[in-house]
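What follows is a pair of complexes built around subunit A, which joins subunit B in one and subunit C in the other.
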Partner chain A sequence: MKRLLSSITDGKGFDILLVAFPLGYLFLMSGLPLLYNVLMSFQEVDMFSRGSFWRPFVGLKNYRDLFAMPETLPILYNTGIFVVASIAGQFLLGFGLALFFWTNFPGATWLRGLFLVSWVMPGLVVGAIWNWILSGDFGVLNFLLRETGIIDGNIFWRSDPDFSLWAVIIANIWLGMAFNMILLSVGLSAIPKDLYEAAELDGANAFQRFWTITLPMMRSTIGAIISLGLIFTLQQFDLFAAITSGGPNNSSNVTQYWAWDLSFRQYDFAKGATISVIMIIFVMFASVVYVRSTRHEVRG
Partner chain B sequence: MSNTMHNRLMLIIALILAAVYLFPLYWMYITALKTGSAMFATPPQFWPSDPQWQIYGDVWRSRNMGRYMVNSLVIAFGAVSLICVLGVGCAYVLARYRNVWVDIGLFLILMLQVLPASLMITPIFVGFSQIGLLASPRFAVILAIAAKSMPFFVVLVRATFMSVPQELEEAALVDGNSRIGAFWHIVLPLARNGILVSAILIFMQAFGEFVYSKSIIQAVELQPASVGLNSFMGPNTNEWNNIMAYATMYVTPILAIFVLLQRRIVSGLTSGALK
Partner chain C sequence: MTLQIELSGVNKYYGAFHALKNIDLAIEKGTFVALVGPSGCGKSTLLRSLAGLESISTGDLRIAGDLMTTVPPRKRDVAMVFQTYALYPHMTVEQNLTYSLRIRGASKAAMKKAAADVAATTGLSDLLGRYPRELSGGQRQRVAMSRAIIRNPKAFLFDEPLSNLDAALRVHMRKEIRMLHDRLGATSVYVTHDQIEAMTMADHVVVMRDGIIEQQGRPLDLYDRPANKFVAGFIGSPAMNFIPATVGSDGFSLVTHVGEPQTIVLDRALDPGRSVVAGLRPEHLTVVDGGGMFRFPVGIVETTGSATYISTATTPEITIVDTARRSIRTGDVIELTIRPSDVHVFDTKTGMRL
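Up next is the complex of A and B:
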């Protein structure tokens, strides 16, 4: 007993104690729900059986039903578009800005940090602002596009099935662009400056320097940022709730909103759990890529 | 000479870029001050001719915002306290050792960090309702947010602990401190700033949290401001000046904290997020 006590105040026991509580908590609050989710996707969950743990097993029925639903494939397709377009927009604009601020004029660091304000704002507020900007008749974006002659008539961003998904994508690009830029700036500042000086002496022009030095040196950063982008895009829920609610007619619905909608609007918890399982496998895959691309730093 | 010219030109371009980027925020502040008819004017006014300052008080009272903000604060403070109590020690141990167990722990923590809240809420809700936690919904939300945000906090704070020289702790141990003493009196004070910045980041996230609160808290009196904003925005609303006034009051404290601590927040974020 005394040995145990002194180990806790003065030895390995102290470390183990410090780690055991948080990891136990995480297991209880994240690990168990994860397993429970998988279990529920094989069960029949309705209003009556929701309260008990012993629900009838239905095997793969939930999965079969899910893929038999007419909206499943369009929603998966929307998710793909949402992820690819958001990441492409965030990454390219973020990279452009990072390269611009990399020239390091006075005030660059402060102004660059200011961009991150989009990232600390509550998602619901960002959604509300863009909902108003993208409004059909009185939205300021339509006004600006009309004035510059890009469009002739108003685009009904939120209610036109051809544009509703893009309304959320625009807001999401605005939201995530700054985060991409900051992380890319960190990667850029880690490239040794003398590489560029040497290349310049050898007569490489700016484009060649970017193509043969910047991009190869940034490879692991870019890998990490794109997989982080995938993770964050698949977490995006607030913007859907605030701008389109997945409508009209599921044209802007994506899996992470649909899973919630099935569980909490239609009370079909089994189907909600089933989609969750499928999507979580995707996200886990992305995070393995992320961990792999930052592995050398984790190991030191 | 040409160098200062160049710098000035870059600064001007940067200011223009920042202005374009921050336009949505400006639009929120401006719309809130417009009258009902000015809001729907074509062309839109980019500067309100007749600013309606009393709108803030009106919206605050009519939407009962005080109650929403208190609930948001309760949830955010609860989640941050729980995360700090549990997460700081975990981050310290994960920073202090380098072996296969630490790698496994870090990997598990990173995996838990990526689970989307809107997907995890289904099992959390069903599980919580079965063990009766939904009777105290704000507490349930705090527990769920803590589990969601703790991994991120641990990753950030771990980077802070890595920058504390281990020799200082060893010296304290040689001087006869116990491990607890050395941790409490030497390591923790040195890492205080980093912990504080990470806690503020987590606080901002928890202050704006939506999915868990929306799904778990049914009683209006206990809902946070994000859920209040959501129920304010009906599908065919035209009260945009009121909604923007609500959003302004909700988001301005966060923006103020961010601008004040911007440098520290950005450096804390970049040191942790990629490591």
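Up next is the complex of A and C:
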């Protein structure tokens, strides 16, 4: 008993204790629900068996049913567009801003801090603001596009099936851009200045320096930010709830919103769980890429 | 001789700070020039201005006869070796060496051959496939130099390239850089705060302080005839002793003001009664057994084997380098002598050589 106590205060026991708390928490709060979710996707769940743990096992039936539904493929397609367009927009604009602030003009640090406002705002609030901006009748975006002559008539962003998904994408790009900018700024500032001086003396112009020094030196940061972006966009739920609710007619529906809709509005927990499992596979893939890209961050 | 680098009336301001003050410097083709001085003296700023990494506020810079004052660094055709080496960490040694050629669109075969040729002369042939992080400090240093050599530039600029190496390697690389310079027939400008590096490597030493050139010339000229007290104290190791003194009534002697008044004989006449500073190099002071010019009590004795460093118990302290292995101990009184031609005299106020 005494040895155990001294091990906890001075020895390995303390290390184990420190690790045990977060691991225990993660297992309890994330691990168990995740496993339960996987289990549910192989069971038949209805209104009467919701409270029980051991429900009739149906094998892959839920998966077969899911892919037999007419809306599944369009929603998966929407999810793909949402993820690719959001990440591309967030990354390109974030990188552009990071490079812009990297020139370190007077007030750059201060202004960069202000950009973080978009990131600290709750998704529902961002959604509410973009509802105004995107509004078909009096929205400021329509006003700008109309006055500059890009469009002739108003676009009903949230209710036109051709635009509803893009309405959420625009808001999501705005929401995630600042996070991209901050991480990329950190990556940029980690590149030693004398590398650029050496490259300049070696005859490289600004574009060549960007291409041969900045981009390769940023490889691990870019890998990390894109895999994090994949994880974050697959988690993006608030904006759909606030802006389009997945409509009209599923035209802006994506898997993460649909899973919630199936489970908690239609009480089809089995199908909701099945979609979640499919998403878990994608997120796991992104996590592996993320972990692998941060592993190479040590430079020498 | 043609001038390879020419600076005339160069000034550099950082806001209100005047970093380079009216620098005039002419560097002949094929010479090895050392810029030396304490930190903050402007030597690095001057070098970076040559490279184009800093802009010159006023004045002209010519490289190989062409006006380069406002030309961007990449068009100046000068190569620089950085203190940190600045190797591209994501490229192999070979890619590091051929970077400048790649930028200019050289063919793969030409780059491979150039890298192999340079690597052979600098002993990097076995390391071409490695990354900088897999190299030792000395090897990185060689890569940095090879990267400069491969371009065959109009001038090589070195920014304290040896300060990250250990003492033994530094002495070795010193010789290696000088040999490379001679073999390539290059023009080199070398910044260092180490006067020994400057003296041993350079044909022409430029001593700087507070943005001005205090003195420039051949290393031994600077040692033999320092223009002022600053250069006298900076060049030579251990540093020159400075003793407050007054010129004697005959004009051919100095009366020192350390401890008891004592007399040093001069080989030239100065104004009698003038207040001056005598500069005596530790290696020029000789301990004698009688008939010395002056006597001092001994403070600390340090033996290195080849020489004995004797510090006197006076204020200011006087250092003597003795190579004769005398048994001198703390508390002894020693007699010293110095050849009149080895006595440097400086004005007390201006510090200029008299």
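Throughout what follows, the second predicted complex is superposed on the first by the 295 of 300 C-alpha atoms of A that agree within 3 Å, B and C clash if a C-alpha of one lies under 4 Å from a C-alpha of the other, contacts with A are read in each partner's own complex, and residues count from 1 in each chain.
FYI, a residue touches a chain if its C-beta (ideal position, glycine included) is under 8 Å from a C-beta of that chain, and two chains touch if they have at least 3 such contacts.
Please read all numbers here as calculations on a predicted model, not as lab measurements.
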| item | value |
| --- | --- |
| Overlay on subunit A: subunit C relative to subunit B, clash or fit | fit |
| More subunit A residues in contact - subunit B or subunit C | B |
| Which of subunit B and subunit C A:145 touches, first, second, both or neither | neither |
| First (subunit B), second (subunit C), both or neither touched by A:289 | neither |
| Three-chain overlay, vertex subunit A: subunit B-subunit C angle, C-alpha, nearest 10 degrees | 80 |
| Which superposed partner A:205 touches (first subunit B, second subunit C, both, neither) | second |
| Which superposed partner A:76 touches (first subunit B, second subunit C, both, neither) | neither |
| Partner chain in contact with A:103 - subunit B first, subunit C second, else both or neither | first |
| Touched partner set for A:88, first subunit B, second subunit C, both or neither | neither |
| Lowest C-alpha to C-alpha distance for subunit C against subunit B (Å) | 8 |
| Set of subunit A residues, in rising order, touched by both subunit B and subunit C | 299-300 |
| Subunit A partner contacts - residues on subunit B that touch it in the complex | 6-7, 10-11, 13-15, 17-18, 21-22, 24-25, 27-28, 31, 39-40, 42-44, 86-87, 89-90, 92-94, 96-98, 103, 105-127, 129-130, 143-144, 146-148, 150-151, 154, 178-180, 183, 201, 204, 207-211, 214-215, 225-226, 229-230, 233, 235, 240, 243-244, 247, 250-251, 254-255, 258-259, 262-263, 265-266, 269-270, 273-275 |
| Subunit C partner contacts - residues on subunit A that touch it in the complex | 192, 194-195, 197-205, 208, 212-213, 216-217, 219, 299-300 |
| Residue ranges of subunit C touching subunit A (in the complex, touch as defined) | 51-53, 72-76, 78-80, 82, 84, 86, 88-90, 99-100, 103-104, 131-133, 147, 151 |
| Complex contacts: residues of subunit A adjacent to subunit B | 9-11, 14-15, 17-19, 21-23, 25-26, 28-34, 36-37, 40, 45, 50-53, 97, 100-101, 103, 105-118, 120-126, 128-133, 135, 137-138, 140, 143, 147, 174, 178, 182-183, 185-187, 221, 224, 228, 231, 234-235, 237-238, 241-242, 245, 256-257, 259-260, 263-264, 269, 272-273, 275-276, 279-280, 283-284, 286-287, 290-291, 294, 297-300 |
